[in-house]
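Should a chain be cited, it is by its letter among A, B, C, D, E and F, assigned in written order, with residues numbered from 1 in that chain.
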């Protein structure tokens, strides 16, 4: 089956993304396809390339990225939720006069329409929020 | 009197920093001194220079910065809480191999000891968290 | 005498916890989501008389509950009054 | 048939809300902080019999509550079982 | 998904309290803009989003009432509140904006028994 | 502040659930490292931090039990739990790590009546 995930919590501050990641691995292990992960609300912080956890802890951004590389899972981040929270890509940084950015591929900034499309397109749609 | 504030919530996601900012203005209006604001837990996001709220909304980082400029209020950010959450200054970015950073003066990365010092030194110490 | 600041709804765990920490003569200030308590004059903190309970007017009005608090004859302070409360209380604890 | 996923403690607003949404034949899966419900076999969701209630084993064990759940004879699923539940239920709703 | 069923957006968080309310309403507006028939259910503290006397909050906290008022323009006219929520909050229907309809316990649970897209905020 | 009073750190959040517990314990350790006499009060779900059978959680979620075990090294030996909390959680003292002492309602409120530094997590 095709699965879509909605993740609405920040790493370390919230168990939601940690649960979502474990669930994603289990979905793939059972032979399903992960059609996409959408990050909304505080979940946008999962995409931060500046995330710097202590060395003995998992870097959640790297874990999502690895999932993308192994299974080609799209990682979409709500642009409105992200900008408010200080998560910007190169184009948005330029547009708003920031000299730096902290979101890059495979994460993509996109609109909420993408969330609805994912929900419609998938056989199963599971939300992770705490 | 000397006031110290502890802020433990992120802008937009949490009312705590908005309450803290209003309280800070009221403290100063009553003739007190604001000896420092310490940002801990998700409060570290207040320092993000990449925060990009819609134009009709207050930029909380800019509001804290203005408070600093008008009243010389130190703005200290817990380094351990900040790094985990993707808030880094130039030195930490270099140390961890990041090509960008999102915390700059007047915000300062500092240890938790600074929080305890602030609490000890102030006549009044008020926490904002939600 | 301690100033207790509650920032979460009266149904929250934090609301139950602050009741365990309150002593006679203390003051409980309700801010942010805690101002929802204005809706329910039967809430246990309203019906006791050993400590003082106040609503932060700014947050009450923002949530459209100002009139309801008046109807229930509940006491409020504005932001300036909040600072005055911290002047009067050496100690404050925030519950969230 | 809907799979309801609760992520907050049994004392939370969300726990009261999911009870209003549950229908006969549904399944309620307790994950994250919701596994604290293992401590209290008197919790209303445990004492009803119109829907199925399960604890996520991984989260239960992480919190040191595995033995307590066994003592109270509460049913658990592991992460693979969680995915199986989503296969069996076309619809899922998360309460937090 | 059955296109004939309403898209259900559940709002359980109060105004000025985290951005759950705002981000939930945004999702409802986008669903409506995509041509879906959207039903909003305000449960628990979410019902406070409908208080008609709300104002803007602390600096930087936008009022949500203008978004509520905008719902009609997007043809979102199903604003539901459980009777139980109003009782628990001790909130009268007359304190809420116009056009809100109340649901019995059975009606609330029925909304979750049908196959429809649901987003729960 | 009166140096003679313990520094009180209140922990009300459960393990693996946000970083409140971890960041609260960090504050307690730093206070102890600064030479303060620290008392820890575990209220409500915070008491679950003392469950002796805890383990590491999902990937990226560190176990908090090693930090609890470390408290003694920092001379933090006052680990208090309200009796009321244990009753409400239906949690037995035998499920908790060694060295925890319970407090009556009066003892709990008394902790907040004295002039001492308090951090509430």
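The criterion applied here is as follows: a residue touches a chain if its C-beta (ideal position, glycine included) is under 8 Å from a C-beta of that chain, and two chains touch if they have at least 3 such contacts.
Just so it is clear, the model here is predicted, and its values are computed rather than measured.
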For subunit E, which other chain has the most distant CA centre? F
Sorted by contact pairs, first entry is A-B
Which chain's centre, taken as the mean of its Cα atoms, is farthest from the centre of subunit A? C
Please decide if copies subunit A and subunit B contact each other with the same set of residue positions, more than half shared, or with different positions, and reply same or different. same
So, in whole Å, the Cα centroid of subunit C is separated from that of subunit D by 34
Report the inter-chain centroid distance for subunit A and subunit B in whole angstrom, where each centroid is the mean of the CA atoms. 26
Subunit B and subunit C have mean C-alpha positions lying a whole-number Å distance apart equal to 25
Using mean CA coordinates as chain centres, what's the subunit A-subunit C distance in Å? 38
Which subunit C residues sit where two or more other chains touch them? 9, 13, 32-33, 58-59, 90, 93-94, 96
Where in subunit A do residues touch two or more of the other chains? 11-13, 15, 19, 22, 41, 53, 57, 84, 125, 127, 130
Hey, what residues on subunit E touch two or more of the other chains? 16-17, 19, 45, 57-58, 61, 120
Complete list of chain pairs which touch one another: A-B, A-D, A-E, A-F, B-C, B-E, B-F, C-D, C-E, C-F, D-E, D-F
Hey, which residues of subunit B end up touching subunit F in the complex? 6, 40-41, 80-81, 84, 111-113, 115-116, 119-120, 125, 127
Counting only contacts in the complex, subunit D reaches subunit C at residues 9, 11-13
Residues on subunit F engaged by subunit C in the complex (per definition of touch): 10, 12, 43-45, 82, 84, 105, 108-113, 115-116, 118, 120
Show which residues of subunit F lie in contact with subunit D when the two form their complex. 14-17, 45, 48, 51-58, 61, 63, 65, 89-91, 95
Taking the complex as given, what residues does subunit B use to touch subunit E? 11-15, 18-19, 21-22, 53, 56-60, 63, 130
